[in-house]
Amino acid sequence: MAIIAPSLLAADFLRLWDECKMINESEAEWFHLDVMDGRFVPNISFGLPVIEHIRKTTKKECDVHLMIVEPEKYTTAFKEAGADRLTVHYEACTHLHRNVEMIRQLGMKAGVALNPHTPVLLLKEILPYIDQVCIMSVNPGFGGQQFIPTSLKKIAELKQMIRESGYPVLIQVDGGVSVNNAAALVNAGADVLVAGSNVFKAENPTAAIAQLKKAGSFSEV
Amino acid sequence: MAIIAPSLLAADFLRLWDECKMINESEAEWFHLDVMDGRFVPNISFGLPVIEHIRKTTKKECDVHLMIVEPEKYTTAFKEAGADRLTVHYEACTHLHRNVEMIRQLGMKAGVALNPHTPVLLLKEILPYIDQVCIMSVNPGFGGQQFIPTSLKKIAELKQMIRESGYPVLIQVDGGVSVNNAAALVNAGADVLVAGSNVFKAENPTAAIAQLKKAGSFSEV
Amino acid sequence: MAIIAPSLLAADFLRLWDECKMINESEAEWFHLDVMDGRFVPNISFGLPVIEHIRKTTKKECDVHLMIVEPEKYTTAFKEAGADRLTVHYEACTHLHRNVEMIRQLGMKAGVALNPHTPVLLLKEILPYIDQVCIMSVNPGFGGQQFIPTSLKKIAELKQMIRESGYPVLIQVDGGVSVNNAAALVNAGADVLVAGSNVFKAENPTAAIAQLKKAGSFSEV
Amino acid sequence: MAIIAPSLLAADFLRLWDECKMINESEAEWFHLDVMDGRFVPNISFGLPVIEHIRKTTKKECDVHLMIVEPEKYTTAFKEAGADRLTVHYEACTHLHRNVEMIRQLGMKAGVALNPHTPVLLLKEILPYIDQVCIMSVNPGFGGQQFIPTSLKKIAELKQMIRESGYPVLIQVDGGVSVNNAAALVNAGADVLVAGSNVFKAENPTAAIAQLKKAGSFSEV
Amino acid sequence: MAIIAPSLLAADFLRLWDECKMINESEAEWFHLDVMDGRFVPNISFGLPVIEHIRKTTKKECDVHLMIVEPEKYTTAFKEAGADRLTVHYEACTHLHRNVEMIRQLGMKAGVALNPHTPVLLLKEILPYIDQVCIMSVNPGFGGQQFIPTSLKKIAELKQMIRESGYPVLIQVDGGVSVNNAAALVNAGADVLVAGSNVFKAENPTAAIAQLKKAGSFSEV
Amino acid sequence: MAIIAPSLLAADFLRLWDECKMINESEAEWFHLDVMDGRFVPNISFGLPVIEHIRKTTKKECDVHLMIVEPEKYTTAFKEAGADRLTVHYEACTHLHRNVEMIRQLGMKAGVALNPHTPVLLLKEILPYIDQVCIMSVNPGFGGQQFIPTSLKKIAELKQMIRESGYPVLIQVDGGVSVNNAAALVNAGADVLVAGSNVFKAENPTAAIAQLKKAGSFSEV
C-alpha cells in the first residue's frame, strides 16, 4: 500500500490554506514540496518562506524535494522551515554522503533523487545512509509531463538492489503518476507516489487522492 | 507623491488571495514581487508559478524584482507569468544593455537594481535605456532588515544624474522603508517606495499603506 | 560496413568549399563537425556561422558533435544551422534525457558522447532514447592524437549492451581512427568511423576515405 | 584617418581564401577576428584552427577580439595562432592588469573591450597598460545589429580621458559601423572602425571598404 | 605489508621541520599532503609554497592529494613543487583520462580518489592508466573524522576489480585509519594507509607510525 | 608613521615558529596572512590550519587577506582561526556590504582589497563601512613581483576620497613594497606597508623590518 504524497507545485497558490486543508483531510500521508532554483532545473518554483507557511497548517510529514545546486547551503534553513524529509539530487552533490549525513544529523529523513538518465547502480555506496530514493519519471522542472515508460524497469531494478542490501529504503516515484500507472508502479516496487497535476487539476482532488491510494494498494506482490 | 509598492515577500503565503485583495483595495499602485534563486542571493523565495497566480488577482502593475543570476534565461517566462515591470541586478548582468532591451522588446518596463555597495555612477551608460532604478537600501535576500542610512545620499546623487541626463527614470527604494523614513526618501529623490514587513506585519496593512502613501507625499521639493 | 564521417576539424579552413566538395564526391556518408567552446574542452574550434555555410554545400548528413557545456542553450540554433544529428557529452549534461528528447523533438537524431574514462554502463537508462553513441578514443579537444587502445574493449562492451537492449543505436568511434585500426573497430562493434587528420592530412583525401571505407568493411562478424 | 578593420564574422566561410585576398588587396589595414565561446556571449563563432589558417594569407595585422571567459587560458594559444593584437573584455577579467601584461609580454598589442553598458571611467587604472580600447556599439554576439546611438558620446568621453592621460591608446568601434556613421565616429574620437556585414554583405566589399575609409577620413578635428 | 603515509594535515605547522624529520626517521614510507582549495572541499588547507618547503626535507615519496577543482591547472606546478605522486578526484575531473596521462607524462605516479558515495565501478575505464586509487573513508575536508564502515566492502570490491584487470594499481585508504582498523583494511585489500590525527595527535607519533605499520602487516591473505 | 605588516607568504614554512618569533620581536605591528584558493588567484597558498597555528604564537594583530571567491563561506572560520582583520576582494564579492558587515559583526576589522585595474571610485559607497583598503600594487597570487608604478597615484586619489568622506579608513599597500618606495608610498597616503620577499628573503629580516619602518616614517606631509 503506497504512501501518497501530493505535490503542491500544481496547487492554487492563492489559496494554499485551502489546498493544505484538503490534503490534511485526505488519505494522503505526506506533503511533497518541490523547490526549484532556476539553476539545477530550468524553473524557479518556491522556497523557504512558502514552506514555512505550509508547515504551520499540517502535522503530516513535509517531504521537501530540493531541485537545487549546492543543497548543503540550505539544509539547515529547510530544517528550520519545517522539513521532515529532505531529498537532494545525485547530480547536484559532489559530497553526497556528507549531505545526507548532515540531513540526518539535523533530525530529518534523507533522500536522494535520480534524474531519468541516471542509473540506479550509482546508489550502491549511499544506500546504507539514506531513507528514500526519488526516481524521477519525468525530467524535473515542470508539472504535467508524461511518464517516462522505462522508469518502471528502473524502479524494479532499484527494488532488487534495496532488498539485497537489507537497508529499509523507500522508493518514491515523481512525475506523471496517475491512477493509470499507480498499480504498475507499486508492483514494480514503488513505496511512495508523488502526484501533482493529477491531483490538483482534478475536479475533486480529495477523490483523486483516494483513487490514487486505492490504485496504489492493488499490489500483486 | 511616491508610488507605493508593497512587497509580498512578507505576505501570508497561505492566503495570497486575501493579501492581493487587500493591496488591490489599498492606495498602493504596484505589486512588488521578489524572486530569489538561492544563487544571486542567499535565499530562495518564490518564482513563476506563484507570480502567475498573483497576476490573476489584479490589474495593478506587477513589478517583478529578479534577484537571480543570468536573468536573460527567464525574461520571457516572467513576461508570460504576467510581469509588467522587470528589474535585473547590475551585479548579475554581463550584458546589461541586452537584458534591458530584451525586457522592453517584450513590452515590459525595464529596471536595474543596485546592491548597497554599488555606486550609481556605474549606471551612466544604461540610464537612457531603462525605466527605473532600484536602490537596495538593505542587502537583498531577506525581509525585515534595517535601512542602510547612506542610501539617502545615494538616492540624491542618482536623482541628480537622472535630472542631468533628461531621461524619465524612476527611483525605487527597497529595504527598511517605513513611515519614519518615507518623507526623507522622497525628498532625496525616491519615486517608488517598496515596503514589505512594515506593511504586512502591521496590524492593519491597508492603513500602513495609507500612512506610507501620506508620509511619501510630504515632499519638500 | 561502417559509415565514414570525416571530421572537418583537420580541413583547410581557407577552402572549405573544396573540402566539402571532396567529401560530397567521396564514399563518406556523413560530415562530422566538431564544435568546441573552450569550456568543456581546452580548445575553441568553430560554431554556428561556419556550420551554416558548410550545410549549404551538401545533402549528406551533417553530424554535429557538441563538445560544449550546457548544450541545451544551443540545441535549437544548431538545428537551424543545419544539423541532422546532434551529439552531446554525457559529462556535460545534468538533464541528459531532457537534452536528447529536445534534439529528437526538433527532428534531429540524438547522440551521446563518452569521454575515455566514462564507462558505458552509465548509458543504461538513456539507450532507449538515443540514435548513436560516440565513443571518444582520444581525449576530446584536438586532432591528431593517438588512439587509446582500451577503447576497443569498451566498444565491444557497448555493442553487447545495445544488442541486449534491442534498441537500434549506432556506435561511433572518434579519435585516432585510421586504416590500421578500422577493421578492428568494426569487428568490435563500431558502426561509424570518424576520421580527421588521417583523411585531411593525407596526400589524397578521397582515396584515404575510400581506404577507410574498405578497411571498415572487412568485418569478421 | 581611421584604420579599417573588416570583421570576418560576416564573411563567406566556404571561401575564406578569397575573402582574405579581398581584404589584402583592399584599403583595410587590419583583419578583425571575433572569437565567441558561447559562454561570454550567446554565440559560438570560430577559434584557433580557423585563425591559424587566416593568418597564413596575410601580412596585415591580425586583430583578435576575444569574447570569451577566462581569456588568460588561451592567450598563448592565440599568439601562436598568429594574433598581433589581442583584446579581452573588461567584464570577463578578474585580473585585467595581469591579462594585458601577459598579452604584451608575448609580443602582442593589448586591448580592452567594453560592453555597451560599461562606463569608460572603469578604464582609469588600465589605460597606461593597453594599446587600444574596443567600444562595443552593439551587444557582442551577433553581426548585423543596429548601432547604439549613445556610443558616440561614450567615444568622445573616452577620447578626452585618453588625451588627458597622455597614453597613446587607440579607440576602436565595433558594431553597426557604416558609411553613414563613420565620419561621426571619427569625429567623436574613433581611430579604428570595425565593420562586418556592411563590408561582406555589400555587393562590392572592396568598394565598401574604400567608402568606409573615405568616410572615416573626413574628420573635422 | 601496507605502506604508511602520514598526512601532515594534522601536523604542527609551526614546526614542520621537526614533523618532517620525525617522519623521515620513522617507518613511514610516504609523506601524504592534503591540498584543499575551499571549492572542491569546504576547507582551505595548504598548497604550493608549503609543499615546496616540505619537499626539501625528505627523500621519501611525496604523495600529494589534490582536493581541488580543475586539477589540470596546477598539475605542472605541483610537479615543480616536488610531488612524486599526484592524486585527483574522480568527482572533480571532466577529462580524467587526460589528467592522469598528463600526470604520468610529467614523471609522476597518477592516482584517482573517490568520495565515499562514488562506486568503484566508475573506475573501470581508468584503471589501466593509473598507479593508485584513494578510497576516501571519510568525507574529504577535515581531519579527525570517524571511519565510514562500508568502506571495507568497497575496498574489497575494488581489490577484486584490480586483480581481474591485471593492472598493478595500489589501493590507498584515507580517513579514520587507526591501529584498530588497519589489519581489517589490509585484509580487505588496502596497500597504503594514510593516517593524520592518529599519528600527529598521538603522544609518540613515531611509535604510532610503527604500531600502524605493525597492525597493517598482519594480513590474513 | 606607517604600520609594518610582514607577509608570511615568503616565510620559511618549515620554521614558522622562528619566523613568527622574529616578527614578534621586530618593529612590525601586524602579521599579514595571504590566503589563496587557486580560484580567485592562480595559486594555492595556505589556509585555516596554518593560520590557527600562527595565531598561537602572537598577540600582534593577525591581518588576513582573503584572495578567495565567495569569502562569506569562510568568514566565521577565519574568525575562529584567529583573524583580527579580514580583507576581501572587491572583485570577489557580489554582496560586498553584507560581507563587510558580517566581518564587523564577528568582531573583526573589515577590509576591501582592489586589484591593480580596479579604480578607487568603486569604493564610494562602501567606505563608511570598512576599516581598511588594500591597494594591490602587483597582481595578487605570487610574491616577489615588481611594484606597479601607477599605484602611487591611485593611493593618493584614495587618500583624498577618504579625507573627504571623513571615515577613519586605513590604506594598506601590498606588492613590491621595499625601502626604496616606502617613503613615497607613505607620502602618497599609505598607512600600512605589507612586505613579503623584501623582509623574509633579506639577510636580516628584523633589520629589514626596522629599515622599512624607518623609511615609512619620513613622511613629508
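Things worth noting here:
For clarity, chains are labelled A, B, C, D, E and F in written order, and residue numbers in each chain start from 1.
Keep in mind that, in the parts below, a residue touches a chain if its C-beta (ideal position, glycine included) is under 8 Å from a C-beta of that chain, and two chains touch if they have at least 3 such contacts.
Since the model is a prediction, treat every value here as computed from it, not as a measurement.
Graph distance from subunit A to subunit E, where chains that touch are one step apart, equals 1. In a homomeric contact, the two copies may use the same or different surfaces; for subunit E and subunit F, over half of the interface residue numbers are shared, pointing to the same surface. With centres taken as mean Cα positions, subunit C sits 49 Å from subunit B.
With each centre defined as the average position of its C-alpha atoms, the distance from subunit C to subunit F rounds to 52 Å. Averaged Cα coordinates give subunit C a centre that lies 38 Å from the centre of subunit E.
Shared interface positions of subunit E, i.e. residues touching 2 or more other chains, are given as 121-122. Viewed as a network of touching protein chains, the structure does not reduce to a path, ring, star or complete graph.
Contact between chains, using the touch rule, shows up for A-B, A-C, A-E, B-D, B-F, C-D, C-E, D-F, E-F.
Touching subunit A in their complex are the following residues of subunit E: 40-41, 91-92, 115-119, 121-122, 139-141, 148, 150, 154. Listed in rising order, the residues of subunit A touching subunit B in the complex are 9, 12-17, 20, 35-39, 42-50, 53-54, 56-57, 68-69, 73-74. Those residues of subunit B that touch subunit D in the shared complex are 93-98, 101, 121-122, 124-126, 128.
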